[in-house]
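Next come the structures, one after another.
Same chain, two partners: chain A is paired with chain B first, then with chain C.
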Partner chain A sequence: MNGWTTEEVKESPEILEMLADLLFQLADDDFVLGYRDQEWLGLAPHIEEDVAFGSIAQEQIGHATFYYHLLESLGVGRADDLASLRPGEQRRNAVLLEQPNGENGDFLNQPHFDWAWTIVRHYLYDVWDIARLNLLKESRFVPLAEAAEKILGEKRYHRAHQELWIRTMAKHDTLSRQKLQKALGEAFGWVGDLVSFGRFQGRLEEHGVITSVEPAVRRYWVEVQDFLRSEGLIVPEVSSVMNGRLGEHTDALGEALARLSEVYRLDPSASW
Partner chain B sequence: MLTADAVTRELETVHDPEIVKVSIVDLGMVSEVRVSDGTILITLTPTFVGCPAQSIIQRLAEERIQKAFPGVSVTVEMNLRDPWHTDRITPRGRQGLIESGIAPPGTDLNDVACPFCGSREAVMENLFASTSCRSLYYCRGCQNPFEAFKPL
Partner chain C sequence: MAHLDFDVYEVFAQPDSMSPHVHVFNVLASSPDMALALAEENFFRRESYTNLWVVRRDHIHQLGFKDRDGFQKTVKSYRTTDDYKYLRDKWRYYREHPMRPGGGEASERVDD
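On to the complex of A and B.
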């Protein structure tokens, strides 16, 4: 199959539609999780971790920025507008990633955040994102294939970071183990749509934009289960409440979008 | 005279705002410099795709080259066609990193020497430091914390 350039994609509305849907999944995933990550600024368990998690948040947003710019180059809209102004029903991120960092409060008011939940969620995402980037390395859309190869090298550090935290919490004491186990139960209740590619999945595979999804999903669950079991954790049942890849979202996303775009909306034409 | 070499020499005065002692040439960010009648096309590649300094570096390079070669049309592109790896940092760039208090990237995360005392008795404190491209270490030789560029 011949590789597609940006110009070639722009000429075909049908190809552009499915490719844009995929790029929104990639961009929105990194973006909304980056937002949740940065809510921890000043609140992480210790000072070095505060700096580290801030860097991870920044890199999440940096990767999202790359994908939004790729959408801009395809004529879909201005990158900043795509990030800040699209309403919830147009967002394609997995619902797990939009959930708050804890049950109570937000970062401005009583931030009773849950570190175990934050790390478990990030771990599930990072392992999947690496699997997904591997499906994109041979993508027919050349700029995406180039980016996947490069971003993979960066994401493996994110994953290593979360794995270290899980190992630490799994062996620290009974309380940290309980918190980890509880977080796993909650995260697995949301995780179903994470490992899917939305309504164009079949066509994306047929056209060689992504390589075969199903074996990658199987390998993903084996990897996750093996790791969690090796830390003595019980692996819960996977379920799915709604499908973010189809634009279904919880109220948590609407609240996050209102907050993160508050300043941008004051004057979308301002120069940054 | 407007030549690719002359443009590259100018680019040696452009720095990442967070690593001021290492030029973008020594950092290995310059993929291509093309000069043809009255136009300059420079292709840069980001060290890390998630790095927020990219657009700043792109702008700094464009301003510097435009100032050095007035009347010439200057374009600075950023793309991933020729992806960056840590081995693109030149020996002079590695020296500049050490002088900035940043350990240059090794073959893996354990291959690191303290930029202050040279000791290899360093332990990693955190995989991520003040920027995502660096990790945080503690030197058991001179008891200083330091950052090291991540191998990529």
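On to the complex of A and C.
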């Protein structure tokens, strides 16, 4: 199959529609998790970790920015508006990623965040995102295939970081181990829609925008299970409460969007 | 906190494969792996390098103050290359006068 350029995609409304839906999934995943990550700023377990995790947050937002600009180049809208002004029902991120960092998820008011949950959620995302980017490297949409290669480099560090923390918490003591196991139970309750590609999945595969999804998903679960079991953790059942890829979301997303766009909404035409 | 088993790790970085590892800073971490991960993300975000070492600070041993007096040497100019500069002139003389025994300013000084 011959590769598609931005101009070619813009000429076909049908192709543009399915490609934009995929790009929104990629952008919104990185964006909302990047937002959750940066809520930890100044609160991470110690100063070195604060810098390391802050930098992971920055990279998440950087990857989202790239996808929003790709959408802008396809004529979908201004990148900043796409990131800040789209309402929840238009968002395509997986619901796991929009969940707060702990039961008391307000970083301005007694943020009793949960580090084990944060790391477990991020780990599940990073391993999947690496699998997904490896598929996208072969994408028919050339700008996406080229970007996937570059983004993969940073994702590998993210993944190594989360695995290291899981290993550390799994062997440290009973309490850290219990917290990890509890976080896994909660994360697996949300994770179902993460590995899906929304309502255009079939067509995206037919057109070669993304291929071999099924085997990649199978390999993903084997990889995750093998790693968690090797750390002596019990792997819970995967379930799915709602499908973020179809625009279904929890209240947590609405709250996050209201806060992250608070300043932007004051004057969307302002030059930053 | 019940116990915090953190240690200071000294970080050494190698900018390229032909250069030695150079001490750059230290990090507080719970294991060598964590020290490596944190060093990378804290200090090498913008610079490139080919390798990193981390060493627990209490695994580094240094001389006591008294022992350092041994570093103060008496002058032994024959241990430095500067002391053999005259050889260059001597070699030049022999190249220029292959058949003549002795000669050259420096060698004359030595021979005489």
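What to note about this one:
One rule holds for everything that comes next: the second predicted complex is superposed on the first by the 271 of 272 C-alpha atoms of A that agree within 3 Å, B and C clash if a C-alpha of one lies under 4 Å from a C-alpha of the other, contacts with A are read in each partner's own complex, and residues count from 1 in each chain.
Going forward, a residue touches a chain if its C-beta (ideal position, glycine included) is under 8 Å from a C-beta of that chain, and two chains touch if they have at least 3 such contacts.
Remember, predicted model here, so these are calculated numbers, not experimental data.
Aligning the two structures on chain A places chain B and chain C in a clash. By the document's definition of touching, of the two partners only chain B reaches A:143; chain C does not.
When the shared chain is aligned, chain B and chain C each come close enough to touch A:52.
Once chain A of one complex is fitted onto chain A of the other, the partner contacts of A:168 are limited to chain C, with no touch recorded for chain B.
When the two structures are aligned on the shared chain, A:151 is found in touch with chain B, with no touch to chain C.
With both structures placed on the common chain, the touch criterion links A:265 to neither chain B nor chain C. Contacts of A:66 after superposition on the shared chain: chain B is touched, whereas chain C is not. When the shared chain is aligned, no partner comes close enough to touch A:218: not chain B, not chain C. When the two complexes are overlaid, the chain among chain B and chain C that reaches more residues of chain A is B. Legend: residue contacts after superposition of the two complexes on their common chain; A:160 is shown touching both chain B and chain C.
Taken together, the two complexes place residues 48-49, 51-52, 55-56, 157, 160-161, 164 of chain A in contact with chain B and also with chain C. Across the interface of their complex, chain A is touched by residues 48-52, 79-81, 83-84, 125-132, 136, 150, 152 of chain B.
On the side of chain C, the complex with chain A involves touching residues 6, 27-31, 33-34, 37-38, 40-42, 45.
Touching chain B in their complex are the following residues of chain A: 48-49, 51-53, 55-56, 58-63, 65-66, 143, 146-147, 149-151, 153-154, 157, 160-161, 164.
Partner chain C is touched in their complex by these residues of chain A: 46-49, 51-52, 55-56, 157, 160-161, 164, 167-168.
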